[in-house]
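Chain IDs A, B, C, D, E, F and G follow the sequence of writing; residue 1 opens each chain.
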Amino acid sequence: MFPAAPMAGYDRAITIFSPEGRLYQVEYAFEAVKRGMTALGVKAVDGVVLAVEKRSSSPLIEGTEKIKKIDTHVGVAFAGLFGDARVLIDQARVYAQSHRLVYGEPIPIELLVKRICDIKQVYTQHGGVRPFGVAFLFAGVDRAGPHLVQTDPGGTYLRCKARAIGIGAQKATDLFMKEYREDIKVDEALILALKALRDSMEEGFSPENIELAKIDVYSKEFKILSVNEVAELMKKL
Amino acid sequence: MFPAAPMAGYDRAITIFSPEGRLYQVEYAFEAVKRGMTALGVKAVDGVVLAVEKRSSSPLIEGTEKIKKIDTHVGVAFAGLFGDARVLIDQARVYAQSHRLVYGEPIPIELLVKRICDIKQVYTQHGGVRPFGVAFLFAGVDRAGPHLVQTDPGGTYLRCKARAIGIGAQKATDLFMKEYREDIKVDEALILALKALRDSMEEGFSPENIELAKIDVYSKEFKILSVNEVAELMKKL
Amino acid sequence: MFPAAPMAGYDRAITIFSPEGRLYQVEYAFEAVKRGMTALGVKAVDGVVLAVEKRSSSPLIEGTEKIKKIDTHVGVAFAGLFGDARVLIDQARVYAQSHRLVYGEPIPIELLVKRICDIKQVYTQHGGVRPFGVAFLFAGVDRAGPHLVQTDPGGTYLRCKARAIGIGAQKATDLFMKEYREDIKVDEALILALKALRDSMEEGFSPENIELAKIDVYSKEFKILSVNEVAELMKKL
Amino acid sequence: MFPAAPMAGYDRAITIFSPEGRLYQVEYAFEAVKRGMTALGVKAVDGVVLAVEKRSSSPLIEGTEKIKKIDTHVGVAFAGLFGDARVLIDQARVYAQSHRLVYGEPIPIELLVKRICDIKQVYTQHGGVRPFGVAFLFAGVDRAGPHLVQTDPGGTYLRCKARAIGIGAQKATDLFMKEYREDIKVDEALILALKALRDSMEEGFSPENIELAKIDVYSKEFKILSVNEVAELMKKL
Amino acid sequence: MFPAAPMAGYDRAITIFSPEGRLYQVEYAFEAVKRGMTALGVKAVDGVVLAVEKRSSSPLIEGTEKIKKIDTHVGVAFAGLFGDARVLIDQARVYAQSHRLVYGEPIPIELLVKRICDIKQVYTQHGGVRPFGVAFLFAGVDRAGPHLVQTDPGGTYLRCKARAIGIGAQKATDLFMKEYREDIKVDEALILALKALRDSMEEGFSPENIELAKIDVYSKEFKILSVNEVAELMKKL
Amino acid sequence: MFPAAPMAGYDRAITIFSPEGRLYQVEYAFEAVKRGMTALGVKAVDGVVLAVEKRSSSPLIEGTEKIKKIDTHVGVAFAGLFGDARVLIDQARVYAQSHRLVYGEPIPIELLVKRICDIKQVYTQHGGVRPFGVAFLFAGVDRAGPHLVQTDPGGTYLRCKARAIGIGAQKATDLFMKEYREDIKVDEALILALKALRDSMEEGFSPENIELAKIDVYSKEFKILSVNEVAELMKKL
Amino acid sequence: MFPAAPMAGYDRAITIFSPEGRLYQVEYAFEAVKRGMTALGVKAVDGVVLAVEKRSSSPLIEGTEKIKKIDTHVGVAFAGLFGDARVLIDQARVYAQSHRLVYGEPIPIELLVKRICDIKQVYTQHGGVRPFGVAFLFAGVDRAGPHLVQTDPGGTYLRCKARAIGIGAQKATDLFMKEYREDIKVDEALILALKALRDSMEEGFSPENIELAKIDVYSKEFKILSVNEVAELMKKL
């Protein structure tokens, strides 16, 4: 492969189109996502689950949480640049709180996702900045039911049934294609998510290296599972 | 083809003219539109219809709506970058609401289109930004009757009778050239739009992968059809 | 032709002089004008007329008006980028209305033209923007009589007797050189304008593809002719 | 001549010095002046005169006035870019009127010239702008008597006795060197200016292609001569 | 190694992604950290310790402290650019004081770290600035117990058990991998830190060239040890 | 000498250091000074004198004054770009007047010089501007006695006894080295200045082509000499 | 040495890291310091002394003071660009006065140094400016005793016992390494400083070409010695 020839500089200036109408910088930001550790989500009829690999690079470093709660009814997992993710997650929390204050009710999931995508889009069109090198999986429950929504570095979002991002995305997706059913329940979704994560991790599949979260339509509470709870679920596998 | 030689850099700096008086970045933004999924519209004597392909890239992802209501009397379909489209659609909604507040009546369609084109033009003339990589088809009804108007990345708009944009535009236009009549009625226009979309889609022509919307001069209500309604219409084909 | 050698980069940075004291970007913007559809004007002793080609690229697209009224006593035709033209025409209307409000009388034509040229000049001198790729023909009547004034992308304006811009400018000018008389009347000027437009259009010379406008010193009303009126005039040809 | 080698880029960035301490951009702006049509002035003991060539590029275009009145006691002729000139002339008029308002008397000629040079200097030193490509000859009378002052693109001004700028400057200057006398009167100065203009114009020396203006210390009124008056003077030649 | 070929300029513009989704400028800033003098930390069950090499380049220059107290309950060690470190440490002190004023209690360690990482992230995404060339080891005690957290130039942070940064990081880490135990006490951690520092320093291992600090969960006081105290500890080695 | 090789671009970006720690843009600005007409000053025990060459480039152009009064007790001569000088001289006058208003006494000479150097320094360190291409010789008397101070384009100033700048600086300095005495009186200094100017001018040494100014500690009035006074002094030579 | 190859552009854009994590522009600014005239300082148990070479380039120019008092208890010597130094010294005086006003006591020396380093650091990290090409030696006495602190262009500072900067730094340092004792008294330090300066100056070692300053813990007054006092000390050498 000789990428330098056909691209000829269109991939270096942030905010310009290539002759084929592509935005290379946004595509390269996707590469940062693809190199991130695997994150995945499964939407059930009565809730949503998120699962991520948080394997540490050394036993002396504690793995960093990669599932974050945004508000009681919504959380997020990500793949890509940690620093970029943190900035947008903080912003998402501010939007969620502002909405509660102004409207007296939890922010609808899609509205929250749109606000984050607004920020991402701006960083693909204006000079002097680079796109955010991170993709999110938002999981939440609002009046319209459960939601699993993915955002990408270009500011696009996709409503998903089952979705994996990061370095193991392909293997996890292969499993989803075989085993996902539209009538899946949250408890089953947790097991499916664990299986997909196991397939996508080359080594180190253990409760310490994994994070799981779920939200169901009954409690409407986004909950990150403890290491013990993860271990319990693993036994069922 | 050896594009690098004759262009010699004029296509890389956003806001400059080439020696032939062309703005390459705007032309490349058109390419982003051409690579988008097909969107089309047909103006009838008593209304307008829009139709888009919203085929999803995976059965695990729900197709994203690509027809959006702006106000009760006007909606829009688009081809091109999803993130760019969303930013301008939000802005269109703000203009429409402001007009209602200030003048106590729905915004005229052409005025709305002009405001969106003002934004697009600015992004082709000023440094530090790229043009918007999206084209719209506005469909609406105001005092002057039904309107189908296309905007392009350069800030130009065209009043159309039947129009298709995106990857299948040529095939849909071929059908329009053969079958469009100026005295077409809204109900017939829906069928014509469906036929054009079928011609332009290589596969997956089914109610789930299609969106249809219509507005007529009697109700003046922009309405996105349900999957069942689309399925009913397909049977008539 | 080997333009790259003698120009050597002076044509790429907007706001700098070449060693010969030329501003290449402004000259390239002229090229955008030259590639636009033909627009022309003829000044008579008792009025002014404008004529433009508005041939559509497809029968499914309604041709866009390219003659615009600015105020009751003045209108404009243009050749070049549609989006650029619209921005300046809107600005011209604002100037005209402001003048009426402040001074209680119609804006003098030359004052209006100067304001538009001020904007154009700024865009040839400051960094981060490109010149406007559009030329105008202003036609109006004020206390000093009828006026036909052309503005160019560099912010210069010329008071004209008969003038054509755009892709067919040369052929129209050839006719003017032969047939224009200083004592021409408005009604004769309409015929002369039609003849010049016919010469400059390679095909499609029909009432639907043409716009005509006139203003005379008696009514002082700028009037765009209907398709029927254009058809009537064509018969006289 | 091989200018590309010794200059090597110093002439491309607007606001930098070359190794010899030269500002190429300012020198290139001088070239724009040198390519302009000839303008000249002659200071007499009792007044000043200005004369310019305003030959039109086409019989269908009315020549543009290139002598402008700034205030009752001062006017200006220019060579160079028309658009640039107009911006500065408008500014000069604003300064002149402001001075009258604040001090209740006509603006001294040198103060007026300084203000214009302040603007010009700024445009030679700041990024993102180019120098003004225009030179002026100010002619006026104030308490200190008659003044003929030239400004150049670099913001420098010269008090002159007889001065020509533009494409025919050299030929006009040759005549001045032979025939100018310090005790010249305004009426003689008009004839000398006409002779110098005739020498500098290759063709088209006729009352329609020439503008003449004068101001004397008795009336202190800057007056642009009519075509008839110019024709009368030509007969005396 | 021939880095120039594969990188091809992606490492020179600050805020852009390479085709593989990497941010070279951030990676180069890590190099500045790696060239800094060694700093390390060890988390114990009842506290945290920091140790740094502060060997001076000349006997005439007093070594500069490289462990700084932020607030009574938290301190920091760093490797990398001294000037960059100071700016961020000052900012950290401001955050800590503001938190005390507003909430009446010490700032939680992770919140403090996040604020510093927010600043660092911004400097990796916006044009016109470079990333901070410094890594920190924060050591503190809050309600959640003892914390050892590392931040890097990209705005990421890692919660660590034992961690070394700077030029001797590898040798110190080798020792930690062999001798670190999760149930280590502060007093033992001091000895372990000293041993790791001795391993990582090629010469000059003496009380004058070393800084040690500790904080335990009983006093919750961050304390930098005196030269005598360091000497005492060394004897135990 | 082959300057292009060792400089390799360091002279093109304004505000950067070359590998040897030099600022080429500032050095090039010095070249603009060196090409200016000679200006010189001589400090006496009881005053200061300034002398400049103001030879005109043409007999039809009156030479421009190059000695300017700033306030009653201080004046300035310059060599370099006329337009740059004018901007700074205007600023100096503003500083002098402000000081009188605020403190009720004439501005100390060194304070005035510092303010001008502050402006000059900023233009050597910030992007988007070039250094001022002018050097000044300030001559004034304040409580501390007479002062002769030179400023250069880099913002440095030198307190001088006798100093020459511009194209004839070397020849004038040669004379100063031979004939300057520390106990010189103002009247002698005038003669010494004239002699130095004569040495440095290749031709045209006459009262019309020279400006002289002096200030003494008795009157504390900065005075520009008339042509007659200059002629009188020349006779003494 | 062939610097162009390995650096490959990393030394031209101010605010970026080279692949080895170096900031070349800051290193080049050090070169400006190394080319400056020698400045040195010696800390004694009961005070500090500063000594600088102020040899003038001509007998007609008075040497410029290069030791400046900041406040009664602190002064500074510098090597490098005079204009840059002045800007920072003015700022240091403002900080010192503000501190007195707000806290009613002299500013601690290290706090003053930090503020100056904050400014210097900003100029190494942000675009559009260059680093300050100057190093300082601050000498002062506060509650903590005598201080000698050096700042460099990168915003780092070093607390020193004896330190020399500028072109003769190496020779002076050689002497310090041989003769400096920690128990040195101020009076001895003056002699040591003089000896070091003599070693570092190639010629012109005389009272007129030297500046000496001292501050002791008894008077806490920063005092610049007169030429006579310097001459007296020289005799003791």
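Rule of thumb we're sticking to: a contact is a pair of C-beta atoms (placed from the backbone, for glycine too) under 8 Å apart; a residue touches a chain by one contact, two chains touch by 3 or more.
Remember, predicted model here, so these are calculated numbers, not experimental data.
Annotation: the chain E:chain G pair of sequence copies touches via predominantly different residues, less than half of the used numbers being shared. The distance from the centre of chain D to the centre of chain E, each centre being the mean of the chain's C-alpha atoms, comes to 68 Å.
Once the centre of each chain is set as its mean CA position, chain C and chain D turn out to be 30 Å apart.
Residues of chain G in contact with two or more other chains: 127-128.
Taken as a contact graph, the chains are arranged in a single closed ring, with each chain touching exactly two others.
Ring order of the chains (start at chain C, first neighbour chain D): C, D, F, G, E, A, B.
By the touch rule above, chain C contacts chain D in their complex via residues 8-10, 13, 15-23, 114, 117-118, 120-121, 124-128, 154-156, 158-163, 173, 176-177, 180.
Note for the complex: chain E touches chain G at residues 3-4, 11-12, 14, 24-25, 28-35, 58-62, 64, 81-84, 86-87, 90, 123, 127-133.
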